[in-house]
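Each in structure tokens, the structures are laid out below.
Presented sequentially are two complexes of subunit A, the first with subunit B as partner and the second with subunit C.
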Partner chain A sequence: MNLAEGVQLVSFLVLAAMMIGAALGVVLLSNIVYSAFLLGLVFVCIAGMYILLNAGFVAAAQVLIYVGAVNVLILFGIMLVNKRQDFTPVKNAWLGKAATAAVCVGLFALLSTMILATPWAISGAMPIGDEAIVEIGKHFFSDYLLPFELASVLLLMALIGAIVLARRDFLPDELLDRLPEQSDALTLPERPRELISGSKK
Partner chain B sequence: MQLQYFLLLAAALFCIGIYGLVTSRNAIRVLMSIELLLNSVNLNLMAFSNYLDPQNIRGQVFAVFVISIAAAEAAVGLAIVLSIYRNRDTVDMEQFNLLKW
Partner chain C sequence: MSPGIDLQASFIELLEGFGLTPGVAKIVWMPLPMVVIVGAVTVLALVSTWLERKISAAAQQRIGPEYMGPFGMLVPVADVLKLLFKENMYPAKTDPLLFAVAPLLVFIPVFLSFLIVPFGQNLVITNLNIGIFLWVSLSSIAPIGLLMAGYSSNNKYSLLGGLRAAAQSISYEIPLALSILAVVMMSNSLSTIDIVNQQADYGILSWNVWRQPVGFVIFWIAALAECERLPFDLPEAEEELVAGYQTEYSAVKFMLFYAGSYANLVLSALLVAVLYLGGWEFPIPVSMIANWIGVSESTPWLQVITGTLGIVMTLFKAYLLLFLAILLRWTVPRVRIDQLLDLGWKFLLPVSLVNLLLTAGLKLAFPVAFGG
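Moving on, here comes the complex of A and B:
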């Protein structure tokens, strides 16, 4: 083992330990704000893994999109629905958790035996490294052109769909009374809507 | 450094994500678990891309697609959670039984 492999192995182990610990924290901690920040740590560790796998472009995309956009979006979501409520305990909740843990451990055992037993066709070619971004661009505009364009359409649909779902669909009455009439040039026409009844049980 | 290390790590992350997905009560934590699942799949794709297909990196292309789909999913999922929170005044998954019966 030369020096580069040793450095790679040590950084892999450090990143793996941080990632598993942070992922367990995301799932198990009771404060959801801590969970969101630990999720950012998981994303950063995965970006480090991508750098270890000779994929600098995707690592940069991971940091930009996941840490910069998705994690911030989740934090905003937490703060928008931040309601300190204690969930009513469900009967026999530990049974479900134990069953789920057993299923997850079993799934991990199954996957790991599959991983270790399969003879992988390891390619001996050198990774192309920094040329990867050129290669990704060629793939995007030749053989993966249709999925690329569909992804852009899907992002537009998600943008519009998220706005339609999340925008406030009704105005309270006192706010409607106070609003002057000339201000509706900049507002979208909104219809009043009934809250779903039966939510208070 | 071997392929198996990365695959085992991705499998562990996937199992943690599934555990969180099933057992969480908070809807936003469910979304975070889905992000964990998508990231473990991405890690698998990148490991295959580096070790099995290093010249013709199709795994990285797939990972970029998965990242973009995951961003869209997070936006729509949070919008749905906000909408449910506005209607039901809770984010408890046990009380989201509109479609149950």
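Moving on, here comes the complex of A and C:
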């Protein structure tokens, strides 16, 4: 074993331990803010794994999207809400916890047997390394064009949904004196608005 | 394109002359550029705090620091010493762990980003292929540190400052990345070295600032917003939020925030120089001058001069931009938070998208001028 392999092995072990520890912390800690910060650590560790796999671009994208956007937004949401409410213990809560644990263990067992049973065709070729960006780009616009475009449509839908949710003028007390015959099956609770053409200047 | 001096190769060759194996020689070399860059960046950040004091004084018709060393140059040193010897204290009911980690989360990504700043053809720590993208992704970590500082301080002003910082940096990252993308599209590479080399052919005329004037302005505005400099310093607006997320900080932890913010400013100025102002290139290409006076480009003394000139030019351009940023800070009033978000989302984002589209179109139409 030469130096590079040693460094790789040690960093893999450190990253794996950190990732598993942080992921356990996300689930087990009762303070939601700690969980959110630890989630960021999990994402950073995953980025480190990508670097070990010679996928620098994916690692940078992971940091940018998951740490820089997703995790920041989660934290942002938690801190804007930040409702300090005491947790009231539920009767027979262990039932739910046991069921969750059973499902999780089952899923874990299923996935691990799948991973172990599948005959992976590990390619013996040299990792592409620095040329990866060009290859990823080519794949996006040839054989992976449909998933790529579908992802962009999905993002567009999320964007429009976010704008619709953010722009409504929500007044909880108006919910009470709302007319009963008005069907609100497919509407969001909001202040009734006049149409633009009907409003006076 | 001449390769210029390659310090790494020469150093390894020298060590091999002493009888070391190439592997060991490389290990001895590896920490050197990193230590040099960390030291140099600290000095550059300290110099910019001194410049801030002097230029703000000039803008307000004062003299500024005068007695501590020549022209008050020792003020930053005194600052560092003072902050180092201050008591390391935690205000009541803070979250000690998060309170201590937050400044590090702001400080480390900034210093890591200097990995990709080139001062010459071979004067860079690593010529990563993802280059400038690494900076974009690293700079997106900082808001987590700011949110952490805001949350753990147990102070309403801090929390508001942290939230503002996160909102601001998320909004301005997008125009920033889009204007970088336009440059990347022209140079066909994310590597900072390739981006500079693509601007090298005709001296000052081939710099990206002429081909990307809109992108240049957008990048500069967004970079100022990312650094939380004055027209956009809402996260730490003194008159509204005391000092924002750093209200409760003192001593070494405050120093980390302070050094991080100035190092970030220097980094942004350096990257503007690299992306739009030709990086280490002299306004007239050195190879052209060498041809005029009839000296071969591979002459050792010319290569030394070229390397030195590269470092000097990069720093000169960066400090010119830094001067502009400081002048802006002391002359422009602060925007409101709604104006800030309006500017980011409703003006800069569409304009940078149009800029990207135009660049793509021009690249197809004039591949000669816009990097085919």
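To be clear about the criterion, the second predicted complex is superposed on the first by the 148 of 201 C-alpha atoms of A that agree within 3 Å, B and C clash if a C-alpha of one lies under 4 Å from a C-alpha of the other, contacts with A are read in each partner's own complex, and residues count from 1 in each chain.
The rule is short, and it goes like this: a residue touches a chain if its C-beta (ideal position, glycine included) is under 8 Å from a C-beta of that chain, and two chains touch if they have at least 3 such contacts.
Because the structure is predicted, anything quoted here is derived from the model rather than measured.
Novice: Considering only the touch criterion stated at the top, classify A:Gly40 as touching first (subunit B), second (subunit C), both, or neither.
Specialist: second
Novice: Scan A:Ile122 for contacts with subunit B and subunit C and give back first, second, both or neither.
Specialist: Touch status of A:Ile122: first partner only.
Novice: Look at A:Leu80 in the shared chain and tell me whether it touches subunit B only, subunit C only, both, or neither; answer first, second, both or neither.
Specialist: In the superposition, A:Leu80 contacts both subunit B and subunit C.
Novice: Subunit A residues in contact: does subunit B have more, or subunit C?
Specialist: B
Novice: Which partner does A:Ile32 contact after superposing on A: first (subunit B), second (subunit C), both, neither?
Specialist: Only subunit B is touched by A:Ile32; subunit C is not.
Novice: For A:Ile160, select first, second, both or neither according to whether it touches subunit B, subunit C, the two together, or no partner.
Specialist: neither
Novice: If you stack the two complexes on chain A, which partner ends up touching A:Ala69: first (subunit B), second (subunit C), both, or neither?
Specialist: both
Novice: With the two complexes superposed on chain A, say which partner A:Leu145 touches: subunit B (first), subunit C (second), both, or neither.
Specialist: In the superposition, A:Leu145 touches no partner, neither subunit B nor subunit C.
Novice: With the two complexes superposed on chain A, say which partner A:Val10 touches: subunit B (first), subunit C (second), both, or neither.
Specialist: The answer is neither, since A:Val10 touches no partner chain.
Novice: Taking the superposition on A as described, I'd like to know which of subunit B and subunit C A:Ala102 touches: first, second, both or neither.
Specialist: neither
Novice: Counting contacts the way the document defines them, which residues of subunit A are shared by the two interfaces, the one with subunit B and the one with subunit C?
Specialist: Subunit A residues touching both partners: 57, 61, 69, 73, 76, 80, 132.
Novice: If we count contacts the way the header does, which residues on subunit A are in touch with subunit B in the complex?
Specialist: Of all residues in subunit A, those touching subunit B are 5, 8-9, 12, 16, 19-20, 23-24, 26-27, 32, 35-36, 39, 42-43, 46, 49-50, 52-55, 57-58, 61-62, 65-66, 69-70, 73-74, 76-78, 80-81, 83, 85, 87-88, 90, 96-97, 100-101, 103-105, 107-108, 111-112, 115-116, 120-123, 125-128, 132, 135-136, 139-140, 144, 147, 151, 154-155, 157-159, 161-163, 165-166, 168, 195-196, 199, 201.
Novice: Give every residue of subunit A touching subunit C within the complex, in rising order.
Specialist: Touching subunit C from subunit A are residues 2-3, 33, 37, 40, 56-57, 60-61, 63-64, 67-69, 71-73, 75-76, 79-80, 129-133.
Novice: Using the touch definition from the top, list the residues of subunit C that touch subunit A in their complex.
Specialist: 23, 27, 98, 128-130, 133-134, 136-138, 140-141, 143-144, 147-148, 150-151, 159, 162-163, 166-167, 170, 173, 190
Novice: How about subunit B: which of its residues touch subunit A in the complex?
Specialist: 1, 3-9, 11-20, 22-26, 28-29, 31-33, 35-36, 39, 42-43, 46-47, 49-58, 60-61, 63-65, 67-76, 78-83, 85-92, 94-95, 98
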